[in-house]
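Note that chain A is present in both complexes that follow, paired respectively with chain B and with chain C.
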Partner chain A sequence: MGDYKVPVKYLLSHITKLEIIDAPKITTKTIEIGSKYSPDFVCTPFKYTLGTMIESIEKGSNVLIQAGGGCRYGYYSELQKQILKDLGYDIVLINLVTAGITDPIKIYKELKKVTKINIVKSLYYLLITKKMVKYMDNIDDYIRKNIGFEVKKNSFIKLKNKMLKSFSKIKGYFDLKKQYKKYLNEFKQLKINKPNNPIKIAIVGELYTIMEPFANYFLEYELASKNIEITRFTNVDYLLFRKSKEVKKMLKKNRDIKYKMGADASDNICRTRMLCEEGYDGIIHIKSSFCTPEIGAMPIISKICAQYKIPIIFFSFDAATSEVGIKTRLEAFYDMLEMRRSK
Partner chain B sequence: MDKIKIGIPRGLFYYYDGYFLKNFFEYLNFEVVVSPETNRIIIDEGMKYANDEMCLSLKVFLGHIAYLQDKCDYLLIMRIDNYGKYNQTCTNFLSLYDLVTNLFTIPTLDINIEYTNKENMYIGLKKICQKFNISNSKIKNAYDSALIKNKKHNKNLITINKNKLNKKGLKLLLVAHAYNINDEYIGKPIIKYLENNNINVIFSNNFETKEILNLSYKYCPNLYWYYNKENIGSIVKIEDKIDGIIFLSSFPCGPDSLVNELVIRKIRKPYINLVIDDLNSLTGIETRLESFIDILEQRV
Partner chain C sequence: MNGYLGVDIGSISTKGVIIDENNKILVSEYIWTEGNPTEAVTKLIEILKSKLPNDLKIKGIGTTGSARKLIGLLLDANVVKNEITAHAIGTLSKYPNTKTILEIGGQDSKIILIEDGIIIDYAMNTLCAAGTGSFLSSQAKRLGIEVEDFGNYALKSKNPVKIAARCTVFAESDLVHKAQVGYLKEDIIAGLCRAVVLNYLNNVGKGKKIKGPIVFQGGVSKNKGVLKYFEETLNEKITVDKDSHLMGALGVAILSKNNKKDTIYNLNIKNIEFKTKGLECNGCANNCEILKIYKNKDLIDVWGSKCGKTFK
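Here is the complex of A and B:
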């Protein structure tokens, strides 16, 4: 899960006595392994995570943690457990979310089987981790908007890596706050060369693909080289702590849909309307292939965009998607946006 | 005055609650229009409205709505969210109502089933009837009468299903969602083919729901999809009385892709996994079924 491994690792290393092994980076090999052992028409994140699991087991881990969501993501872990068992691996797989519900007692019990846990201490570190995720997302927001316009190449990424390193070593709540302020300041001092009133594009879509390292910053770089600014919404802080409230609020205001549509579909629909009203130049919708909730949302999203005459492009990522193919389609998309602007 | 026409599309929820809803509204003097059995024209019509990655069952459903849109005054759509905390449905059922209202212009009536939010069938029907100024006592009567008819209907199907277990010859369990088994285009041709070959086909959807729901925990302890629980529970219930299992799903069904794979890894019976999509010809499937039956006959 990209950079979020820092807070997760921080939390686990403080509340358990387990040795934490970094999950290897997702490469083409990971995807290949994952696809080999996955069912045919499962959605792509399943293949990615299964590949990562197998690679981490080979690195020596024997306790794995899988998250979950309101769609079939919540059922990943049970099948993955079986697949790994059939492959001959003897591991413990802890699932954090079942049926869209997190049950802390169940997780505590499962964790207790493999390690000792102090509840009071865990709560304290949970709070710190929550704050850390929030700070990280705030800084990420700033990076997203500006990374494409950086003067010195890689200056943002370098500083971010430095920040993650010091985040992983913080001593307590106040230390975290201090570090956050320090780095936010440093980020703001990095030189950028941003044109006035750039073309603005927003990205909506399914959560895994949006937060995945492959997608991270790739689109931003690509588009910023043509002077386009990007806005993204979904991040971990939003998913874990703000989503349920905000969706209710959005649904009340929105007239396109009456009910919740599962996973992120309803957020994306409400957001698309908001974006259209705010006058964005274009919208990019990304999802992994076979993502059922998003498939249900897509016809509604394109209908809204057609009403406002705002261009939208749909990307569907699967195990075989290459950057080049996406680049070509993106190029055509922003050429069109530029032509619309100059009219 | 002409009767008000209510259209019920023959797809997805129809195969669970359609019979009940039809009786309910007919008791209240509505005219109920049910779309005909699925045919090629309906599927092609559905594909015009559908997104290319939608599952076949949903495409069929949209086709039925396209058929009904100029033949009734109101369209009845059920949105089924859950039957309790751990009895959820596939997200297609969640988005059904909003999808239809956005794709079509015909006026709709909706029933929301969301037990965690205290919304059930009776409350949904009441909301609809209030629009037409129907008194509460009348609703209650219609509801009860439809419920009794529905129970009888289901009981009948369950007995037929049970009796097949005692017959001679090969016995196969067809594991699929009700809307795939009973669909003229998806499940029926396969059933016909099997029955022509003197095989007793037992349907996973015709069991007593209460009884089999909890049985599914044997194979899938954390399963939370209501309809898949039914399917898996039926396997557990009669596994030692049958000769083989046929898994049938529509491409690319979300829950089935995970659950069927998991169960296939755990069962000890011969099985065949059929996936139907909109381009399928029956010949390919028949060849596979034929060899599957050959294997089973040799085992016996």
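Here is the complex of A and C:
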């Protein structure tokens, strides 16, 4: 998903003896294949991942890893396994999260079935990978805040691609740290033309659609091209390593909800209130169609935004969403924020 | 004298207005798009030109509606704006106190909420065309009457039938059923108008606080039946301007006035050869549908590429 294949590939290529095949870039064809073999009313991430699986198998993979998740997504892997089997593919599918729980011993056992694994070495590389994800997310946060104001077109993207390339080849923990500092510095050197108080938009919503640019029609780039500073909280570092703690903390402080609502719904509700209090110009909520936890969160989120009079817009992305329709709504949203500012 | 042209190219109809410095509409025209926006606009401009006072200089052009980008290129417009903003600006210039704009056009419908003269919220129908102009006109055809007479028929009815409003297909089968059972034509038409209102309020207006003063516009606002049921359901007086179908064009004309540069447009587009050419790029599995735009045989723009390939 997105650029996270770099750390994942790094990890697997160092701890296993398997040949790692790059998952093909998501294209229109991926989603076509995925939709063809998926139940129609399942949420879009299922279709994207199934499409990617089939394309990867056709590229030669026979072991697939599925990340799983805290909602229906947690059961997807089983269903996808069955669909692939029915299609006649003979593969091993390893699920990292089963019914909402990550069980390292179970994953280790499953991996051991297909390859040799050295536990000590794995722990070392896991540590590096964790750090790499964190560094990537830090850099991405900086990019989101500044890419809309770049002086030279594509300078941020070019540098990021260069960074990802060197990250994929780092030699160890200290090398990673060195590279990160080097690139962070280079990013800060990139020329930007940022006003003192630019329009600030935060993006909340369902994790897959937020993190996979193809699934949200490159929404962040579209916003950046309008000179907007973008904030988002959902990234892999957050989901894997900080979420459980932070959600507990947020739920304690927040009065809108008492209980967890599955996946990221409760985070997004708490976040929305924080964002409103911080005085963001607008909030964009995105999800894939039929995402149940977020559907539950939406009425609460719009109520909070109405209280603070902060504009919010909801987008629901499906395999067959009209791009023009999204653009029209987005343009209008931007106009609205600008008009509010100038009054 | 200076004038500003606003063109609103919708799926069904193409609207054009020319305003003066005080946002007053000097001339306006309304024609069918008939699936060919460039031809429709060429025709529209010719008609507008024939009505223009001689000393008028066009100092700005704005485009809106679903073909705004294409026509913006054709006319070399200084403003290309989405229809939500354009409609709000147009309406506010005439009714500055408006709090809610209901708009139903040929293929889309929207609601815009306004507070103190700025948009605070809006929504647009997403996938379904139930309750829009094209649905009404196809049903008019089925019943064998002109869509323009729809409103008058509806007002005659004393007992509108209930028609399932959720979905175009269901509404149509319900309508056929009611007709075959023997209900009066005007009762069916009135039921249809009410179904449009309920569908709109349930889908587009869902969860929005509709406050007066309310303005109703777009092509369907000319339908007195729909207006009547809106007023009944919302229990508010609703304003329909005599130019309610031109608000988008008016709005974008105002925006082009506010954005004017020192160009004077001559509006001689009749002799411009404007062509588009579609192709499928086979560079990768995305198979993007590419549209090349030519003006007098010069390639002026390429749309549709997901990867940024230029095709020049």
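Quick notes on this structure:
Here is the rule we use: the second predicted complex is superposed on the first by the 333 of 343 C-alpha atoms of A that agree within 3 Å, B and C clash if a C-alpha of one lies under 4 Å from a C-alpha of the other, contacts with A are read in each partner's own complex, and residues count from 1 in each chain.
Everything that follows uses one rule, which is that a contact is a pair of C-beta atoms (placed from the backbone, for glycine too) under 8 Å apart; a residue touches a chain by one contact, two chains touch by 3 or more.
Quantities reported herein were computed from a predicted structural model and do not represent experimental measurements.
Room for both chain B and chain C is found when the two structures are superposed via chain A, with no clash between them. Looking at the shared chain after the overlay, A:C71 reaches chain B, while chain C stays out of its contact range.
When the two structures are aligned on the shared chain, A:I300 is found in touch with chain B, with no touch to chain C.
Applying the stated contact rule after C-alpha superposition, one finds that A:N95 touches chain B and leaves chain C untouched.
In the superposition on chain A, A:K260 contacts chain B only, with no contact to chain C. Here the vertex is the CA centre of chain A, and the angle it makes with the centres of chain B and chain C is 80 degrees, a multiple of 10.
After overlaying the two complexes on the shared chain, residue contacts for A:F290 are found with chain B alone; chain C is out of touch.
Looking at the superposition, the partner that touches the larger set of chain A residues, chain B or chain C, turns out to be B. In the superposed model, A:P39 lies in contact with chain B only, and not with chain C.
No C-alpha atom of chain B lies closer than 7 Å to one of chain C in the superposed arrangement.
Residues 299, 316 of chain A are contacted both by chain B in one complex and by chain C in the other.
Taken together, the chain A residues at the contact with chain B in this complex read 39-43, 46, 70-72, 74-79, 82-83, 86, 95, 98-101, 256-263, 265, 289-290, 292-293, 295-300, 303, 316. Across the interface of their complex, chain A is touched by residues 66, 81-85, 116-122, 124, 126, 207, 284-288 of chain C. On the chain A side of its complex with chain C, the touching residues are 24-25, 27-30, 299, 302, 309, 311, 316, 324-325, 327-329, 331-332, 335-336, 339-340, 343. Of all residues in chain B, only 49, 51, 53-55, 79, 81, 85-86, 88, 90-92, 94-95, 97-99, 101-103, 110, 112, 220-225, 251-255, 257-262, 265-266, 275 touch chain A in the complex they form.
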